[in-house]
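Here chain A shows up in two complexes: once beside chain B, once beside chain C.
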Partner chain A sequence: MALDYKTGLSRYRRYLQVVQEQPLWGASLWLVLTLILIIIMIVVALRPTLVTISGLLGQKKQLTELSDRMDKKIAAITEAEAAYNNISEKLYLLDEGLPKGLDWASWSDRLWDTASQSGVALTRLELKKMIVAGGEITKVKETKELPTGVKGLNYIVTVTGDYNHFQEFVAGIENMRRINVISSVRIQRDDKGVPVLEVEGIVGYYPGNEKAV
Partner chain B sequence: MRKKRVYKDIIFLLVSFLITTAVWVGFEVYRAYVKSETPEGIERYLEGLDPKLDPEILTKLESKAI
Partner chain C sequence: MAFLSRFKLDEDIRTLNQDVGSKKNFLESSSPSEANFRQTQARLLAVEKMLNYQWQPDEALLKLAIEIPKESKLSSLLLTSKQVVLSGYTVDENILGKMMNQIDQDEKWISIDLTNMSASVDKGLQYSVILGM
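Showing the complex of A and B:
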């Protein structure tokens, strides 16, 4: 047994000596092959898998956010619908206050009625910078006096009468449902000494088929 | 000694290549995660809506002449 032990030890010692002389060949070769294999695995197998997983995760996150925003929008629409139903009977007032399109004919009719009710005579109505082509208004100037999204048309109206009726006429214009901004009021006498009132203002409307210039 | 030197260089190159590959894959993964793939035109439907209406304005309009 003691002889076998010595024989085995000497064999092992020789083996270690041989390995010690050339360890680099074997060890480095396996290391190089392992690194190459890892790189190939990363590029061929790991990359597409990770890209797919992260892509799906990102998509899920985006769709969840979209779903949340959609839920909020639906809730807002439901609330708006309830509010709309509450006031639906009065919505015609908005159309009268801010009609879609200039609708200058009904406005001038209303102006005429106001003049009659106030006891003044309407002698001139001038709508400024409006081009009517084939019965359709094609160009109207935008104005800054009215709220955003509301366009306006400048006008000048001249009436004759006495001062008390002038006051009533101006108050009548101010009290119209149609959005209306009076920019200036001038009272003077004409050549014959008759008092003349000139009101300059802007009448608003919601843009329809007109083209702003 | 010469072979040892060659192997060292090869291993250095491979490790560098491995790190570069890992970084590249990392960026690819990040890009895939943050890449927006929302359906086209959906933003139009998601614009904010203020559901509050002011009924006072209608009351004031009602009180005015036609």
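Showing the complex of A and C:
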């Protein structure tokens, strides 16, 4: 095998010597080699530029996508702004229904008004958990009856009166602008036989970005 | 050609960067409004859910006022979103039968359980009923 290899190589060398001696073949060989060299040099020279161009193309694609996403977001904000402006006159109802703060004083005032308008006597209002203004904050937890983000003040209100007025009072609590979630309604007689209504409920508020306490 | 392409790409990227920068400034200036929209939207959704939680106990009280005969006296009533537990007494069983019949005809109550019934000399016929909603 080694002999065959050497024989083949010497035959090829002789062939090149013969070709070199012929002017036309010799010139062609040099032309081919020159072209190969030029191509190699062009590739080497252009390579950094080509790499940069591909990087710039990627960067352009990313920026175009980012710009498109921003366009969509700007369109959504513009649309939301228009919708917000349409309802802005009615937003005070939202502030009354679900305020950002507990605002329990105005709620309890409305409760007293509701009681007097219904013809019942409010005898007791128990607030289970509440925030003391200027003092240490008592924990007010989100409850199962309230949606996520809404905190509630649990209360029990006790009134005396008759059945029809009890019904009016419960309807009054339900129809208050400040949204109340009634958990239970209990009617019974006290020791003296006077009908007593006990309504247990939750009044909510939406603290927004405030951390849950 | 390659060099010319590179110059064009540089110009395109410069324009895009300016465009993105101006949009970014707009979005940053709109972020308080955006936060307000989001909070308002969340509050509106919360209000909708809370209103859906309401189960109209006043309606149940009104129905019971109609369905419980005047001859029957209520001793206690407990109303929750799922059921009504009422106890009372009446002078005879015909009135109780009439009351049960009226309650039975009302589609609001999905179940009716007469859980306790006893007779005493001073109060008459005492009963307890659980109505499912």
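By definition in this document, the second predicted complex is superposed on the first by the 141 of 213 C-alpha atoms of A that agree within 3 Å, B and C clash if a C-alpha of one lies under 4 Å from a C-alpha of the other, contacts with A are read in each partner's own complex, and residues count from 1 in each chain.
Here is the rule we go by: contacts are C-beta pairs under 8 Å (C-beta built on N, C-alpha and C of every residue); 3 or more make two chains touch, one makes a residue touch a chain.
In this text the structure is predicted, and so the values were computed from the model without any measurement.
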item: Which superposed partner A:E145 touches (first chain B, second chain C, both, neither); value: second
item: First, second, both or neither for A:I39, with chain B first and chain C second; value: first
item: First (chain B), second (chain C), both or neither touched by A:T7; value: neither
item: First (chain B), second (chain C), both or neither touched by A:G97; value: both
item: Partner chain in contact with A:L50 - chain B first, chain C second, else both or neither; value: both
item: First (chain B), second (chain C), both or neither touched by A:R189; value: second
item: Touched partner set for A:A80, first chain B, second chain C, both or neither; value: both
item: Chain B versus chain C as contact partner of A:Q59, first or second or both or neither; value: both
item: Touched partner set for A:M70, first chain B, second chain C, both or neither; value: both
item: On chain A, positions contacted by chain B and by chain C; value: 46, 50, 52, 57, 59, 66, 70, 73, 77, 80, 84, 91, 94, 97
item: Complex contact set, residues of chain B against chain A; value: 3-4, 7, 10-11, 14-15, 17-18, 21-22, 25, 28-30, 32-38, 42, 45-46, 48-53, 55, 58, 61-62, 64-66
item: Chain A residues within the chain B interface of the complex; value: 24-25, 28, 31-32, 35-36, 38-39, 42-43, 46-47, 50-52, 54-55, 57-59, 62, 66, 69-70, 73, 76-77, 79-80, 83-84, 86-87, 90-91, 93-94, 96-97, 110, 114, 172, 175-177
item: Touching residues on chain C, where the partner in the complex is chain A; value: 2-3, 5-6, 9-10, 12-13, 16-17, 19-20, 23-24, 26-27, 30, 33-37, 39-40, 42-47, 49-51, 53-58, 61-62, 65, 74-81
item: Chain A residues touching chain C - in the complex, by the definition given at the top; value: 46, 49-50, 52-53, 56-57, 59-60, 63-64, 66-67, 70-71, 73-74, 77, 80-81, 84, 91, 94, 97-98, 145-150, 163-164, 166-168, 170-171, 174, 179, 181-189, 204, 206, 208-209
